[in-house]
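Look at the two complexes coming up: chain A is in both, with chain B in one and chain C in the other.
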Partner chain A sequence: MVENRPILNFVTHAVLILGVLFLCFPVWMALVASTHGPDALSKSPIPLWFGGQGWDNYTQLLSAGLPAAGGVPIGMMMLNSLIMALVITFGKIAISIISAYAIVYFRFPFRMAFFWMIFLTLMLPVEVRILPTFDVVTKLGMLNTYAGLTIPLIASATATFLFRQFFLTIPDELVEAARIDRAGPVRFFIDILLPMSRTNIAALFIILFIYGWNQYLWPLLVTTDEALYTVVMGIQRMVNSGESLPVWHFVMGTAVLGMIPPVVVVVAMQKLFVKGLVESEK
Partner chain B sequence: MATLNLNALGKTYPGGVTAASDVSAEISDGEFVVLVGPSGCGKSTILRMIAGLETITTGQLDIDGSRVNDREPGERDIAMVFQNYALYPHMSVRKNMEYGLKNEGLPKAQIAERISEAARTLRLEGYLDRKPRQLSGGQRQRVAMGRAIVRQPKVFLFDEPLSNLDAKLRTELRAELKALHHRLGATFIYVTHDQVEAMSLADRIIIMNAGRVEQIGTPMDLYLRPATRFVAEFIGSPSMNMLEGRIGADRASLSFDSAPPLSLRGDLPGVEGQRIALGVRPEHLDLAGDSAGRIDLSVRFVEQLGADTVVHGAVSGAEVPLAVRLAGVQRHETGTVLPLSYAPGNLHLFDADSGRRLEVEAG
Partner chain C sequence: MQKRVIFRSKSLPYLLVLPQIVITLVFFFWPSYQALESSFFIEDAFGFSREWVGLRNYAELFADPGYLRSFRTTLIFGLSVAALALGMSLGLAVAANRVLRAAQVYRTLLIWPYAVAPALAGVIWYFLMNPSMGIVAYWLEGLGVEWNHYVNGDQALLLVVVAAAWKQVSYNFLFFLAGLQSIPKSLIEAAAIDRAGPIRRFWTITLPLLSPTTFFLLVVNLVYAFFDTFALIHATTEGGPADATSVLVFRVYNTGFIGQDYGSSAAQSVILMALVMGMTFIQFRYVERKVNY
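Our next item is the complex of A and B:
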């Protein structure tokens, strides 16, 4: 619709702005709440502007943590979340790009059978296979380890499929030119395929990092050691901290802190992502 | 620089489709050989078998006397230029040209020297640090040629390299290719579906149809003495007129199913009643000075090309299409009848069933 009528402009903008306000309000409330004292949020009216306790709240969160929630500093939890998200992201990208390479460029027996097996795992997300996976992890002695936290989440049919589809669009002549240029399979993968997949990798990085960062159910199951708690778990534990009232200002502060890394990743990678969309490399 | 020996090469795909069979040719050092034919005739398959991108199912391929059937493309000492350029999109022009040499393990100084020389030859000096997407089609194809040149291979292979370019650029690059071949003195094997390209570039043409070689010869061999009806119709534009008929009782006339017989000078080969095709090129027909023309053409439409005029029509009284190419600008109305003459030496006769050429007996 390419129309240029002032009223229409006004209406569309109004709708968009309303939508943005609607989406941003909870974030705003979290920011505001994290700068008040413990009492401000329990009585009405709820404050809509920053209070004076922001500095104190955040320093306590980052350094000491909450006694009621095990006393783990949020900084520690954030580090755990970061490690988990990054290992999952890199692991998923590495495994899926290599399997897609094998499926697209090599002729081996039962190639399609393998592809469909990978594809079928799309129907088995963590939540479905959680009991058997937990059993396996327990028997391997991986409870309360980073390995147990990440490895079961690494296999990814979606990313494999995405890379496969991308590889299929690369013209055969390019592969042939590389063969004539004496590039073996490994050379071709490193010199040609990886750099060409740069934008796809960036896009997947964003999606997978957020996926890894937001993991909740799995870390809750495999970690009982406080040193391995992640931020998302930390928030949950603060809300359910026994008999005492939820400490909303800390909860909100943790939520705000927990939002920062995904936002950083999105902002940083978006440039590469958009660049990849604009400049078509063909 | 190398000689190639194609010995009964054949390719059958696992599904049972035969793309090429029994292709034999000897290509000598420094020769410019063009493989030409309509699409699907197997010419690209042959080139890809020479390159090693396609396995050879039957026959043997020798480069410089040694069998290369089972060698990888990188080990055959060939370079190839593709129709869609096949440049590495994320590498600069320089990197694109360097890549093969780096994999060969050539010293850096030598690589740089070869690249600057190739860039000078192909007028790419100003573009070495650009990415392929920042170049025009013609420049990209020159980069692809540069990538081949720097390798200094024994054989250059070209797979329809000019087909993606516009007509003017194609003519320009054709001349450049010819000059390049002159300077390098290397063996070139070139695939195209464009007979003009084949005629203008080749020392020798291998013309293929349905996976088989129809004829191998110099462009003039093919033009003047086409071995089969297919070759006769493929080479030349507009293509050769073909009049199908039966040899008359006097063996000097051609009778049509629905037209008066055409009498020809000289004895026709073959036997009475044999079905033959009589070919004559549009440029070998001329307006007869008097009305004693040997063929009458009733005009349907006229193409004015400036240098020539191509008159399309049919043999008068028969529904056999006929075209004539006349020099200069000429006007002929639709419906008029033009008496045409030809020199007997310019006639080609083919067996209508086998398509083989029949030699006209002297007399």
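Our next item is the complex of A and C:
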């Protein structure tokens, strides 16, 4: 701080507190609503403090689900989300780190062509090529499978770039030393490069886990089988469940359950998260 | 671009890039090619026959007032989300950069919404603003505002703008904070010695030095608003009422899956791809410049 100005200090804290309120209030209301029964939420104004139904609501959601939304227990949806997020995350990291390794440490025909092919995928998000991608997955018979849910999302230009960038900063002497010790490329990768990439992998893991967990459109298209629903996408069935009004205490409970895992990951590993976010955008 | 010291192997590098390239070819290039191809055909509803129509799908799109309105809606939506999210996060970042006490606590409380899925953010705001029992709608009524996003298209659009911006504030905040922390302290101190007050210093030093960050964030926010908010809109307003929140990505989905009009949906996909390519290009041009700074 350059100078001390009490009024400015006051304004600073006021701005921050207002910001925190704006960001936290919606989730506070979701938490509160999920602990009430349907009666408390049927008339305005709804309560701003917790009710006594929380335990009942959450146990019913986790184990039995909602009849209006196909009766799939949210616990199962969360398991599906977890499987999807983890497969996507590990898949992306695995195939990106080896392709970045090939592009940085080898010289071979079409190297740059491959690099640009990977780069171009940045420009083709699922949202803009929905129908043909769905067609391809149908032709391959991957509808309603975990493979269909995850494999099409595994290619990653961002992760490849991040690893490439990082590999370029590793001193050449390491490779020379490894070669003098007669270590081949595979040995070098496993014994030297992988351990050195640990922080990068961890930071990327957080970003990609959130990405995978929060997928919406893709599970919506690929899964018609309720046993494969994910929580982020399943909530839509409860909100827009046709003629009946949404059961808000259950909808909010599901929203809370659906955001707990990624939020916990971000808060618990804040430093790595910030590093991953800032670096993967470069 | 590449290492001076490398390994020699004929087949290993191909093996290493193989998984990534196969997935890219099958799930990115093939569908994109198909989109391009079928945008030049009109297919019957059962997919039995199709007819080459050249650019007719495109011509029809640009003659369709609904599609043009969708363009407008997308633009208004994108710019509002970007303006709201950037404005709020800049204010918060400047404040957080100044504060000494409880800085870590503030930061934690400000960044977690990044992890909330856009669909969930949308559903929660949908609940808060619900005309019959939403608490925010109730407060607005107290202020004399008649809120009903089921009927009023502008209010529905405002609802999705607020929800989308709410989720994006954390992201922008982190980048602005990083940008602020990289501004040399000596510049600010020199200006203070010359008796420039905090507001003057913000406009003449901080903001200009932040402009690369701001520009980068503007592009990222627009991309987010144009493409990632599909979930938010689909889970809440479903494009309604009366198409008021039907942005371009939502329309691609609607035309293709609900309307079953493959040719038109494909043409819309191609237009969107061109849009993403343009924006990615701008983003990378900027990054190049930042490197040479």
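Keep in mind that, in the parts below, the second predicted complex is superposed on the first by the 261 of 282 C-alpha atoms of A that agree within 3 Å, B and C clash if a C-alpha of one lies under 4 Å from a C-alpha of the other, contacts with A are read in each partner's own complex, and residues count from 1 in each chain.
By definition in this document, a residue touches a chain if its C-beta (ideal position, glycine included) is under 8 Å from a C-beta of that chain, and two chains touch if they have at least 3 such contacts.
Quick caveat: nothing in here was measured; it's all calculated off a predicted structure.
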Legend entry - Which partner reaches more residues of chain A (counting touched residues only), chain B or chain C: C
Legend entry - Touched partner set for A:251, first chain B, second chain C, both or neither: second
Legend entry - Partner chain(s) touched by A:121 [first = chain B, second = chain C, both, neither]: second
Inset, instruction - Could you look at A:198 and tell me whether it touches chain B, chain C, both or neither (first, second, both, neither)? - result: first
Inset, instruction - Look at A:158 in the shared chain and tell me whether it touches chain B only, chain C only, both, or neither; answer first, second, both or neither. - result: neither
Inset, instruction - Determine, under the contact definition given at the top, whether A:22 touches first (chain B), second (chain C), both, or neither. - result: second
Inset, instruction - Could you say whether A:181 touches chain B, chain C, both of them, or neither, answering first, second, both or neither? - result: first
Inset, instruction - Applying the touch criterion given at the start, work out whether A:13 contacts chain B, chain C, both or neither, answering first, second, both or neither. - result: second
Inset, instruction - Answer with first, second, both or neither: which of chain B and chain C does A:145 touch in the superposed model? - result: neither
Inset, instruction - Could you give the residue numbers on chain A that contact chain B in one complex and chain C in the other? - result: 176, 179, 281-282
Inset, instruction - Quick one: which bits of chain B touch chain A in the complex? Just the residue numbers, please. - result: 51-53, 72-75, 78-80, 82-84, 86-91, 99-100, 103-104, 133, 147
Legend entry - chain A residues touching chain C - in the complex, by the definition given at the top: 1-3, 5, 8-9, 11-13, 15-16, 19-20, 22-24, 26-27, 29-30, 33, 41-46, 48, 94-96, 98-99, 101-108, 111, 114, 117-118, 120-125, 127-133, 135-137, 140, 151-152, 154-156, 160, 167-168, 172, 175-176, 179, 184-186, 188, 210, 213-214, 216-217, 220-221, 232-233, 235-236, 239-240, 248, 251-252, 255, 258-259, 262-263, 265-267, 270, 273-274, 277-278, 281-282
Inset, instruction - Using the touch definition up top, name the residues of chain C that touch chain A in the complex. - result: 2-10, 12-14, 16-17, 19-21, 23-32, 34-35, 38, 88, 91-92, 95-96, 98-100, 106-121, 123-128, 130, 132-135, 137-138, 166, 169-171, 174-175, 178, 188-189, 192, 198, 216, 220, 227-228, 230-231, 234-236, 238, 249, 252-253, 256-257, 262, 265-266, 269, 272-273, 276-277, 280, 287
Legend entry - Complex contact set, residues of chain A against chain B: 171, 173-174, 176-183, 187, 191-192, 195-196, 198, 279-282
